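The data blocks that follow each hold one structure.
First chain A sits with chain B, and in the next complex the same chain sits with chain C.
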Partner chain A sequence: MKSTNSMNSTNAMNPKKAIYNMNETLKYSYYPGCSLHASAGEYDLSTRELFKQLSIGLTEVPDWFCCGATPAHNVDELLSLSLCAKNLEMAEQVEGDLAVACAACFSRLKTTQHVLAESDVKRKQVEKAIDAPLKLDGKVKHLLEILARDLGLERLAASVKKPLSGLKVACYYGCLLTRPPDVTNLDCVEAPTIMEDVLKAVGAETVAWSHRMECCGANFTLSRPGVVIQLTNAILESAKEAGADCVMVACPLCHGNLDIRQKEIEGVYSVNYGLPVFYITQLVGLACGLTADKLGLGALIVNPMPLLKEKQLL
Partner chain B sequence: MSRIGVFVCHCGENISRTVDVERVAAQVGKMPGVAFATDYKYMCSDPGQTLLKKTIQEQKLSHVVVAACSPRMHEKTFRKAVEAAGLNPYLCEMANIREHCSWVHEDKQEATAKAIEIVGMLVERVKKNRVLPTITVPVTKRSLVIGGGIAGIQAALDIADAGHHVVLVERDPSIGGHMAQLSETFPTLDCSQCIMTPKMVDVANHPNITLYSYSEIEQVDGYIGNFQVTIRRKARSVDEDKCTGCGVCMEKCPVKKIPNKFDCNLGMRPAIYVPFPQAVPNTPVIDRDNCIKFKTGKCGLCQKVCGPGAVDYEQEDRLVVEPVGAIVVATGFDLYTIDEKPKGSMIKGYGEFGHGKIPDVIDGMTFERLASASGPTGGKILRPSDGKEPKQIVFIQCIGSRAREKGISYCSKVCCMYTAKHTMLYHHKVHDGQAYVFFMDARTPGKAYDEFWRRSIEEEEAVYIRGMVSRLYQKGDKIVVMGSDIAVGVQVEIEADMVVLATAIQPRTGADSLAQKLGISYDKYNFYSEAHAKLRPVECATAGIYLVGACQGPKDIPDTVSQASAAAAKVMTLFAKDKLEREPIVARVKEAGCVGCFACKKVCAYGAVEEKEIRDRQGNLIKVVAYVNPGVCGGCGTCQATCPSKSVELDGYTDEQIVAMIEAL
Partner chain C sequence: MIISQSTMDVDFVRKVEALSGTSVRRCFQCGKCSAGCPMATFMEHPPNRVVRLLQLGQWQRILAGRSIWYCASCETCSTRCPNKVHLASIMDALRKLSWDAEGPSKESYVQLANKLFLQNIRTYGRQYEMRLAAVFNVKSGQFLKDLMLGPKLISKGKLKMFHSKNKNLPEIEKIFTRIEEMRKKGEAL
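Now for the complex of A and B:
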């Protein structure tokens, strides 16, 4: 017992957990992005609750604002880079790497770092626009990376109270998490496994399916809903065919298209998918013993309760 | 007293446009030691050289300076002319007043002044030139050929037919290489095995060829005309001299289900095997990783059934040393692997194509084995997953090739043609099937090549879609191919039964380590580098080593065979002389000053520095000094710059010569 004196008493009692001291290191600044303060409130809620549960520090960047996704970079490059650069600059004031929940914010912030690191001219323009010098070495991390790498799969598995056994999940990456590879550097660009790794660590079963890397049409959800319905239908159809009980996403835009539009799609194509669409933090949170309330499961449009009850996860 | 002749060249107008050549000649003519100076329009032309020779004899010149272009251009030309006139060729120097002067300046006055200075430097330098005798080294008239594919086989046969002995080393149990795996060959559709196997047999029967199959190069020492090559003969576990090739061991081997690499893992082989029935040598090899005897110590069936008693479980790797005068490198290629990417490699994989995960997505070589009459399906095109005949087949070109974002920017050269061939073979075997090809460009330069490609479209009904594929996925028992047709500007989706990827050609894995053993250079992809892309395409920069086939760059069979015969001709040219002459620009040790620190030995890139004992008349050792082997020395001068006691000098570039040039400035 003496050798573990430095650790807190709970860990010292449990030799398995004693290997890792959870209270020791992990601290992040947090950029929720607009969606998480609006249509994806449950993603924000479940993220905060899960991180609390895992004893990972999370401090929201004060006064953050929109990253410009998805329209800004199609309209004005300087504007889109400056929006992200200013947010990055503000994030530097908060301790820890920057944790990002939304795949689109993640993509824009990382792209900005990449573009500015490559071009001195653009960097100078942006520094003038935001009226501040830029540091570009701050790390921007998607929640997935934090769970899978910083916390680590072993520590994550050790935190599981209620394994998601029997739940067959289609992990949906969408297009932005791994692409372009030089920018996001998250996982193997066309055959990633990071989502599956996380879910397996919390006891779920993942299905092999064809459309996990396809685009849901996020950009077009309001302007060209017809396109989105077509693309999203293909994704849901493929997940269903692969035998999934539900879909898991790590992006509020993907979630909007797959969850909010699911009824509409079912109507257009005269099919019945009934596939609940969870955020990664909701499923991991569930496994770590958080309640439905704390995970905002009630906010999902496709009701997940029957499925979770059937699998005895509630 | 030296009588130096200076010849100033106009180079048409190249020099005379910016340099007043007549003034240069007049000025230089007044310099001490210069007996004669003139200018001429084209010094390198026949009349120019005649002028040079005539003047040397008439004026009894002792040294010559030609003020013209770069020595890299015409030094050899003028030194030959000087030699013909009876002078030692190394008493001739070139003053570069073209690249170093006329081409880079505009002001005639200043350029002329500079040209006079340049010539003046060379005049002072040439005074210090010594008569250098040509160095001769003996030639071992035997050749090593590394690699037993069509490239190595052709080179070996040509050299052997010329009467010289050839040592042919092949890594695999049989020679034949990739060509033995092919079904038919473009652009004539003749059967690859039918034209290949007779050549393999010729190799086996040729009195001038020693074949080391299942062997690898361990070490290479020596230099042109005098290489010592150590070859590792891997333990075959079967005595090649005793084995009759009856095949009983293979029939009786209880381990039968090992995927056969020769059949792209579609067919199975036993643990004691020959890779294919026409193998040369027809001697089996035991795959020790899969043999029960080697894994558990039990079994031993093959030894029991072997009549001549050839099976030998105790056999070990053997090292043999072969002296050779020339080396032909013909190590060939590997196909780009789509699903695996080596760690830290600049080359990325293609996860989006599902190769390795979707069983009916295959590469071109696998299709060759399916189409081959001696292949695992007996020549029927069948899906690896369920053995059904594919009715819709999609070929995708440029997988890995011309894909900078994936790490390879070159064109693999053969894929357009073999894909056209595949569509034909498919059409001949599956009459009601439809072939589609996604392509960026069809590159068909070659005799009868474009006609062949047109035929696949016009007569064999292949549908060519210009555009690339974004991804493939399995849907039921179909593979959905999502691509674009940029000619029409639409997205295309094809539900295919089978997809064939035309994967890029890459150098063999380990090509770099072989290059390091041989001391030859290679590019960033590990393709071996030729000495000159246009004028010396089959020679390495390292003397006595020649390149053939796809190890130098992607190549088809006709090009490879031509290159093999070309390399063989180069080897024969080398062997035509009993002694090799080489330029005497080599380092020489002044033994009196050498203290034997061997700093020169450490920096010598050619391994030319040896240790030499100096003894007195009674045979007592006085000291050990450095000795530069003139046959090996590359003439780089690094030792001269390194030597702390200034005891080694590079002939033709001595300190005395360099200092004289500087002092003339």
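Now for the complex of A and C:
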């Protein structure tokens, strides 16, 4: 972590502000990924607002481009590695570790670092493709790690203004945050707790449920939506059975499938889930006192307002 | 069918192993990969059988089907394999070889989506979901697919209609062309 000298004498004398001062030493470069500039605008908005509220620095990498996501590595690994390597090189120009919001981008960038560190052949090919020396030592971190580890649960808890008491949340990890473990290095691969830890720190309840690490079908939403409907239905069903009021995700693709397709799924299976699907930054931001507007809650397809009003969180 | 030396194409399998950096010979068919695979029900050859067919040099049977295109790259198989066979990477390698050969796979929608996705990177630098979905519907002949979602997504500001020009477009184009040149010269698979 590159740190900056932000402690100044006036704030040091004010113990109430001291918590926020400590956070100012946290600075990140930011790779939002394509979805956050299109269908997942509320994830981008709530991330920026939450980080501002927590006094964590966030600077977007200028003119970053697509990491290639699943389609690139599916058919052309060299292209996928090269696109990611170039983005990593650009991120090096911005101060701080690289903060990534999307689980798919996170997975691709980390995989690139992992593969190129291990294979000399691929390393040389990628160096030739991007015509630049490779920079692989910069740390790539998902927002979850930043909140739970860099900021830390104690400091996060100290920033809470409105605990999410009584809200029962099903934390959905999906695939790429934890798998494969030697690449993502995020948490225990079969029984992670990092999402639950963050939510408990902001006062919410979490439910134990079976499908938190099952695949939602991700980008089959474009090519084979039938696959997504079947897989996502099982996830929503499991969350509902466990007594959750809502689902929380940390990936725009998971969100698209669980939220945007939920009504369609209810129709296909003649059920009624009515489960709002929040991004992690929206729920943490709500607890930290941010308004619905600043968190982009109005952009969610399954309307979360009735639930939040019922729990007196708005 | 009788499997003999003459029915086995081992060169192809070696290529898969080189691309994926993993050995198919390590697999002892425990079936953990297929047990955990969320997509196995959509495949004619579940993951463990894909590896078995590779061990037997029967790769044509894999490429002719849709199994490799129905893999979601969720990495569950690679994570749980007791013998460290990186099956998700084997799937990537198989798809690449099938893609390059414009193989006879039955699954065309996934390939079309991949193609449009990669074209978008080359042309715009980033993905614009609306364009991606619209072009996919036209090219796949499914004009009404997900039409009902459109107005809702637009009203929620989720489908960006216009996009800004990425300053790195020339750099992206260079990456694509350099890789093409390396392949022409035989410097990369």
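Methods note: the second predicted complex is superposed on the first by the 291 of 314 C-alpha atoms of A that agree within 3 Å, B and C clash if a C-alpha of one lies under 4 Å from a C-alpha of the other, contacts with A are read in each partner's own complex, and residues count from 1 in each chain.
We take it that a residue touches a chain if its C-beta (ideal position, glycine included) is under 8 Å from a C-beta of that chain, and two chains touch if they have at least 3 such contacts.
All of these numbers come straight from a predicted model, not from anything done at the bench.
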Contacts of A:V189 with chain B and chain C, given as first, second, both or neither: both
Partner chain(s) touched by A:T291 [first = chain B, second = chain C, both, neither]: neither
First (chain B), second (chain C), both or neither touched by A:S165: neither
Partner chain(s) touched by A:H211 [first = chain B, second = chain C, both, neither]: first
Most chain A residues touched (candidates chain B, chain C): C
First (chain B), second (chain C), both or neither touched by A:Q93: neither
Contact residues common to both interfaces of chain A (with chain B and with chain C): 181, 189
Touch list for chain A against partner chain C, complex: 34-35, 37-41, 62-63, 65-66, 68-79, 82-83, 86, 90, 115, 118-119, 125, 128-131, 175-176, 179-181, 189, 214-215, 217-220, 222-225, 227, 231, 260, 264, 298-301
Residues on chain A engaged by chain B in the complex (per definition of touch): 181, 188-191, 210-211, 213, 238, 241
In the complex with chain A, residue positions of chain B that touch it: 348-352, 471, 473-475, 480
Touch list for chain C against partner chain A, complex: 19, 21, 38-39, 42, 70, 72-76, 78-79, 86, 88, 92-93, 95-96, 99, 109-110, 112-114, 117-118, 120-121, 125-130, 132-133, 136, 145-146, 148-149, 152-153, 156-160, 166-168, 171-172, 174-176, 178-179, 182, 187-189
